[in-house]
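Next up: the structures, one after another.
Consider the two complexes below, in which chain A is the common component and chain B and chain C are the respective partners.
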Partner chain A sequence: MASSQIVRNRMKSVKSIQKITKAMKMVAASKLRGVQVKAENSRGFWQPFVALLGDHPDIESKKNVILTISSDRGLCGGINSTSVKFSKAMFTLSASEEPAKYVILGEKGKVQLQRDSKKNIQMVVTDIQKMPINFTQISMIADEILKNVEFDTIKIIYNKFGSVVSFLPSVATIPSPEVIARESEAGGKLEQLESYEIEGGDSKAEVLQNLSEFQFAAMLFNASLENACSEQGARMSAMDSSTRNASEMLEKLTLKYNRSRQASITTELIEIISGAAALEAAS
Partner chain B sequence: MVLSLRVMAPNRIVWNSEVGEIILSTNSGQIGILPNHAPLLTALDMGVSKIRSGGQWSAMASMGGFTMIDNNRVTILVNEAEVSDEIDLVEAQKDYEVAQMELAQAEGRKRKIEANLAFKRAKAGFYLLLDSNQ
Partner chain C sequence: MWRRQIITKTRAVCRASSASRAFADKPADIPPPVSDAFKDAFKKAAPNLQLPKFPSQFMKPRPPVPGTLPTKLTVNFVLPYKSEMDAQEVDMIIVPATTGQMGILPGHVPTIAELKPGIMSVHEGSEVKQFFVSGGFAFVHPNSVADVTVVDAYPLDVFDAEEVKRGLADFTQKSAAATTDSEKAEAEIGVQVHSALSAALGLS
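Coming up: the complex of A and B.
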């Protein structure tokens, strides 16, 4: 039988865990509200690109880069594992002559992918969420990636925010300017691009380059915001179930504590009474 | 026949309505857009674009972006944009003069580039107001 002291200590620690997880849930809920508005506003930003260029995850590409967006902090349910699983699947699917490369945003993704794909990781960016996500910051990250990574297509893998309980792993495909130029010739996937007059630069290639870079920044912006929303939503539900588990545990422990307390009281009573009875019998 | 114009920045929709005519400033000059324009895809420079809606001209300062025109639908995506009635004249003038001074004093390549960018922004904002106040 567990001593009542031990049970009481356990109860104290479970109670404080319950309080902490409850507070974390509230914090996640309030952060979610802020990021959700931004994410919804940013959805309109990439839609014209998709309207113009379409979404072609099956476009022909030799140098594939998989950009995994993950969170920096944990305790957010299964979203990071989902992203990593998805990324690994994309990696196997996009095998061509050259193996695909990973670019990772976020500490948790880096930790998980480093375990078995360390040699394929080209670039890692962490601590993005130290400041609220804004477009300038994302454009700089996009710039860095474009400077240091050669690619035919980049596949951004992120968790799209459906609602507080639904996060859908999604892929956004960004072709490089050369691929856009190649596919916009007759018979390619981007044929409709040819019907546009292209101005605003010294050459069509230059405009397409700017377009592709802008598209990348816009998609990355939206994907990061959606993933941040999903992170807060997942953390809310994880902390909520944690709080509920803690309450259940607390109830069971209380019952156990009471039983052990009553048992010890009964034992004392029996001793006293049998002692008294023995004295009476002796006298 | 009207053009349906949408101007979007990463964090908000700046303009979403029907207009009669648009004048854009690209890095190869200014382009006028009237209804039934051919499909066009162009890069926008940092500067002032003018929009005529219901007989009234409004001006908009934009910090670089892209324009797509198709079938009387104009979509302008910008890094940042401000419509003329949102800017304060005194502040814009001050920003412009400060940026001008900093550009003249900037040393070192990095600072020159930063000062140049800040100058272009302030200039766009300032000219925007000069235009709309005439």
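Coming up: the complex of A and C.
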């Protein structure tokens, strides 16, 4: 019967979707295991800088740069939209004499931010996860950004990996060497820096510059690893719920198919029996 | 009725504990390092979003500045891919600052030191552990905590003397033949690292 054929086709496609999403979940789980170890090991790397300079998201700064970390591939739940929402909020917050600028890592962030903030995007870096993320690669990206973007502070927006089901949007602040020098004078936020002796380099400014650049690379490294973990975790739960939905849909379709199949069998039987009964009544 | 009470109680507990579950590292009680003005401005800019988290909320709290001179130095030695030493108490460390080997004892004056490639040694009682470190930074804080962050570090026994000699010769030649500024800089970095390595291994 026509409708049972249609239902059978639908069942075939839903079953194949279920298999695909189940496989994607397994792949995401295995990738997560790899990146999670790296992310947890990198968590100590940025802590000395925050211990020294503190964490001051509301430090005074005119040229603000918002660095959004997003994924290149989709099907990873809501983490990219969350990052973009927080980036837009920080963008509005950092509006001073000149509007803030975006530096975007990852294709999905670029697509979403291009829609309404195209003229504020200064730099886009994609295809970061073609190879597993390592410090050399991140240092090169950090170098490119530092060469081409002028900033007073960079705010890195990423999803910190809490657990497989929890991703915490976070904002890390990196002040430029000029801001550090300015705030380390009396009354500034980094007052405690004055009591530190500086060893090495030709001048304090040079050491502060190297410090700021190293801090940026360290923070960016941890942030991209955490975001990659969150991406895999979000993809796992998205694919898991997709698999569950597909199997529910399959159950409903199976019932529908059986019902239509039984209905057609019953109709045939009725025709045969009523035909036979009519013949008997006639004879 | 008893079952419904259990269900509502567990639902309430789940909602409360979801904010402070002890997984991975959660920003349990550390308040966000922002002023109220920032929080209000954020609420205005994004009324549907909760305040984001900040890295200082994920840090383990640091010990306070002690009143008397401490007996031990707490060392955090971190690399991008692992934490070699995490809050380990030692007697002294010697780091290769750009101005020369710098010894750090408990109660050292707060310092920010830029490091060049060289040997770092950690003295604990009678044992001395030596690492060859690449460039990086060392901070000594007023609370006798020393942070050493470097790009890479290895114990001395993994280095092959032949390779080091070959590398040094190679880079010295490249440095002589270099034309552009970047080539010269790269070759000089190579020479610096390899000569530090050969000095560390006691070769030349």
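Criterion: the second predicted complex is superposed on the first by the 281 of 283 C-alpha atoms of A that agree within 3 Å, B and C clash if a C-alpha of one lies under 4 Å from a C-alpha of the other, contacts with A are read in each partner's own complex, and residues count from 1 in each chain.
Everything below uses one rule, namely that contacts are C-beta pairs under 8 Å (C-beta built on N, C-alpha and C of every residue); 3 or more make two chains touch, one makes a residue touch a chain.
Computed from a prediction, not measured in an experiment: that's the story for all the values here.
In the model built by aligning both structures on chain A, chain B clashes with chain C. In the superposed model, A:Asp55 makes contact with chain C only, not with chain B.
Looking at the shared chain after the overlay, A:Pro169 reaches chain C, while chain B stays out of its contact range. Judged by the touch definition given at the top, the superposed model places A:Pro99 against neither chain B nor chain C.
Once the two complexes are laid over each other on the shared chain, residue contacts for A:Phe161 go to chain C alone; chain B is not touched.
Ranking chain B and chain C by residues of chain A touched puts C first. The clash between chain C and chain B in the superposition falls on 168-176, which is one of the stretches 6-14, 42-50, 60-68 or 168-176.
Comparing the two interfaces of chain A, the one with chain B and the one with chain C have residues 38, 41-42, 44-45, 48-49, 51-52, 134-135, 195-201, 207, 210-211, 214, 218, 221 in common. On the chain C side of its complex with chain A, the touching residues are 18, 21, 23-27, 33-35, 37-38, 41-42, 45-46, 49, 52-56, 58-60, 62, 76, 78-83, 86, 97-99, 102, 109-116, 136-137, 139, 141-142, 145, 147-149, 151.
Considering their complex, residues 38, 41-42, 44-45, 48-49, 51-52, 134-135, 139, 193, 195-201, 207, 210-211, 214, 218, 221 of chain A touch chain B.
The residues of chain A lying in touch with chain C in their complex are 38, 40-52, 54-58, 85-86, 88-89, 92-93, 134-135, 157, 160-163, 166, 168-173, 195-201, 207, 210-211, 214, 218-219, 221. The touching residues of chain B, counted against chain A in their complex, run 6, 8-13, 26-28, 31, 38-44, 65-68, 70, 75, 77, 79.
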